[in-house]
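What follows are several structures.
You will see two complexes here that share subunit A, one where it goes with subunit B and one where it goes with subunit C.
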Partner chain A sequence: MVICILASPIIVIRSFGASRPQAQEASNTAMTLLSKTITAFGSLLLAHACYSAREHTALQSIRAATAATLTSSSTAATSLPVDIIIETIISTFIILLGLVLGTRPLRPLEWRVWAGKIEREGEEGFTDNAGAVDKDYMGNPFSVLESRPNFVDIRKQRKEFAEWVQKGDGKQGQ
Partner chain B sequence: MAPPILHSPVQLSPAAALALSQQAPAFLRSSSSTVSSSPLSTLLSGPEKSEQWLQYENLIVSCLRTGDDQAAHQCLRRLVARFGDDNERVQALRGLVKEAEAQGNGALEEVLKEYNQILDENDTNIPIAKRRIALLRSMGRLSDAASALVQLLDFSPTDAEAWSELSDIYLSQGLYPQAIYAIEEVLVLAPNAWNIHARLGELQYMAATAPGVANGLYQKYMAEAVKRFARSVELCDDYLRGYYGLKLVSKRLLNDGAKATRQTDDSEFALPGTSTLERLNELATARLSEIVRHSAASDRGWRGYSEAEVAAARALLADDASAIER
Partner chain C sequence: MPSEQELQISPIVQESLVHNSRTLYNLQSLTASLFGVSAGILGLESYSGFVFYVALSLVTAVLFYALRVAPTSLASGKPPLDTSRYFRGAYDFWAGGLMNGFAGFVLTWTLFYGLVTA
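Let's turn to the complex of A and B:
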């Protein structure tokens, strides 16, 4: 459920980005910065909550020790104050939000949409937030069935390449 | 941008192949030249990356294509140092280098003899068997290549790439039914391959429009072609090749719709009705014009199509428009 709640702003943001495709590139880098800032802020809060909890227990144990020597009647074990608990929970959610914002765009689930994305967008459609092409992107995975690298006719390819070079030189010479 | 070195370079354009093979010296410099299998050096140099060997393989092919034989030999030496002389893939690559450097038919016969020798020792060496078939085809001995390929497929019938090659060989000999059969075998092995569906549609169309085809056969081929192209666009949104074929086929069927005598009762190969064909044609026209429009404007998210394909689609649409004006 937590993930659902956190993911809903992402979906909104993503559809927003899709409606204005030109701005997507700029928004990608802004998004990375935003997600990093949010994650850092959340971590800071969490660290602060941990430190407060530690300080609180230290203080409690000292107080208990002095109380025991003075009155010899043990006070009831006190739990953490409610503000520290709230801070911990909220900071965890903020970190989660930052991390989810920073994930790469989701890939299409349906085969035909995914295949269409490969054909229509090429490698541009499979980049992470920084704009680098995914390592596992390979275009149409079935294109090897038509290019057949194990049966390559290297002599023909060599000849064609030499012709291409000659033609290119001729163009430059003109 | 240079193409990634990890993908097979066979289908690249000459310019892209050149860019790739120009990366070779830098790549060779950046990776260490000696690989030893002793544990001490492995500890010192860190784990080896499996992609690296794929990159060497691809570099060999693209360097041979662009004529940079020196770099190809260097890559090959490193592969031999790592995997040994009698690794099957390395043997095939060495054969590839020899083929590329062979001058005249005598040298090619020598290479072929070597392949035969290797296959005599171990006739399940598939990379070498494939190289031998490719060499036979390259030397123009098509029927020898086809029979060798059939033999290979006899003991390795799940090799989709080999079936596809067989289909191509048959096609170059003009044997359409055989070519269609072979590409159907590929579809059995890779039923989701949208490009193979389109390829089958193209083969059916070629078979239908070949000279001297009987009317019944023509209808059967055309009906199959419609089905195949429709399947390819079903598997892949905005598939230019599929819509192009669909438009081509449906337009032709609509044009000779008047004189077509619907005598085939064979329900499996019955042509779709005129209204269905018209709707298919309209759909294909709409999708193709959208693709052409977006590609012409180079809109973001529409830059994956190759220019030649877009130009062909534009020509087909223009052809259609001029026919209407007339």
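Let's turn to the complex of A and C:
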């Protein structure tokens, strides 16, 4: 903690890319759509497999009932057809893929990694899959320290202001 | 598990820990119910059902690692299969699903076994 506080004045890098947040948001929404589509498709396959298995057992029991009158009922214990088994397993994996893709992005555990991510990406690094910023995002943990008046570089700000005024005058003059 | 001294040197963000654990827990509960459904449809009984569950929850952990943890973890210089960027215990990550989703698995397993075979 002490190290963090000592290091905080050094971390004054603010570089927010203008185009990057939009691109990330677009990819996030595409990701949500992709995962939902995959999950829905897998659920459809799984429901079909379930229905097929149900029908298969029903058919088996009917066949066993009719066969019991003729011969001994040894055919009742047949296993599922291979295509239903394959469909079940494949649909399980498809849904699994969709669910894993639909999980929310993780956050770094270590304080320094996490704070660095906040500095670099801002609130765009802490969005859910739909692109909305997380509710418990609280921003830069050092913002109180960084806005201390003692640490403001007043000469730099004055120089920037002078340049801005000059540029503005030049534009008005033209 | 990191010691007290290491925690002092590189502190951990509690909110991130809670967020990551909850994300993993939600995934494990959901997928455990899903595996119960497919085990019931396949008509698995006794040990084969449990083996099915163990195998698929390991697959879930590997898939979650490959899609969610690995891209940023490997880029930050961690060795492969190291989850320390996002999770504290390696055991909790790889085998936690066996405990977390077990009740849901048995529930949907018996339900769908009964639905399909009865």
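Definition applied: the second predicted complex is superposed on the first by the 109 of 174 C-alpha atoms of A that agree within 3 Å, B and C clash if a C-alpha of one lies under 4 Å from a C-alpha of the other, contacts with A are read in each partner's own complex, and residues count from 1 in each chain.
Here is the rule we go by: a residue touches a chain if its C-beta (ideal position, glycine included) is under 8 Å from a C-beta of that chain, and two chains touch if they have at least 3 such contacts.
Quick caveat: nothing in here was measured; it's all calculated off a predicted structure.
**Q** So, does A:97 touch the first partner subunit B, the second partner subunit C, both, or neither?
**A** Second partner only, subunit C.
**Q** Between subunit B and subunit C, whom does A:54 touch in the aligned arrangement: first, second, both, or neither?
**A** second
**Q** Looking at the overlay, what does A:88 touch: subunit B (first), subunit C (second), both, or neither?
**A** second
**Q** Using the superposition on chain A described above, determine whether A:156 touches subunit B (first), subunit C (second), both, or neither.
**A** first
**Q** Which partner does A:79 reach: the first (subunit B), the second (subunit C), both, or neither?
**A** The second partner, subunit C, only.
**Q** Contact-wise, after the overlay, does A:105 reach subunit B, subunit C, both or neither (first, second, both, neither)?
**A** second
**Q** Pick out the shared contact residues on subunit A: the ones touching subunit B in one complex and subunit C in the other.
**A** Dual-contact residues (subunit A): 111-113.
**Q** Quick check: in the complex, which residue numbers of subunit A touch subunit B?
**A** Against subunit B, the touching part of subunit A is residues 21-22, 24-25, 111-113, 115-125, 133, 138-140, 142-158, 160-162, 164-165.
**Q** Would you pull the subunit C residues touching subunit A in the complex into a rising list?
**A** It comes out as residues 8-13, 15-17, 19-20, 23, 26-27, 30-31, 34-35, 37-38, 41-43, 56, 59-60, 63-64, 67-69, 76, 84-88, 112, 115-117.
**Q** Spell out the residues on subunit B that touch subunit A in their complex, using ranges where they run on.
**A** Spelled out, the residues of subunit B in touch with subunit A are 4, 7-8, 10-11, 14, 17-18, 61, 64-67, 92, 96, 99-100, 102, 127, 130-131, 133-134, 137-138, 160-161, 164-165, 168, 186, 190, 192-196, 199, 234-240, 291, 299-305.
**Q** Considering the complex alone, what residue numbers of subunit A touch subunit C?
**A** The contact residues of subunit A facing subunit C are 1, 3-4, 46, 49-50, 53-54, 57, 79-80, 84-85, 88-89, 91-93, 95-97, 99-101, 103-114, 136.
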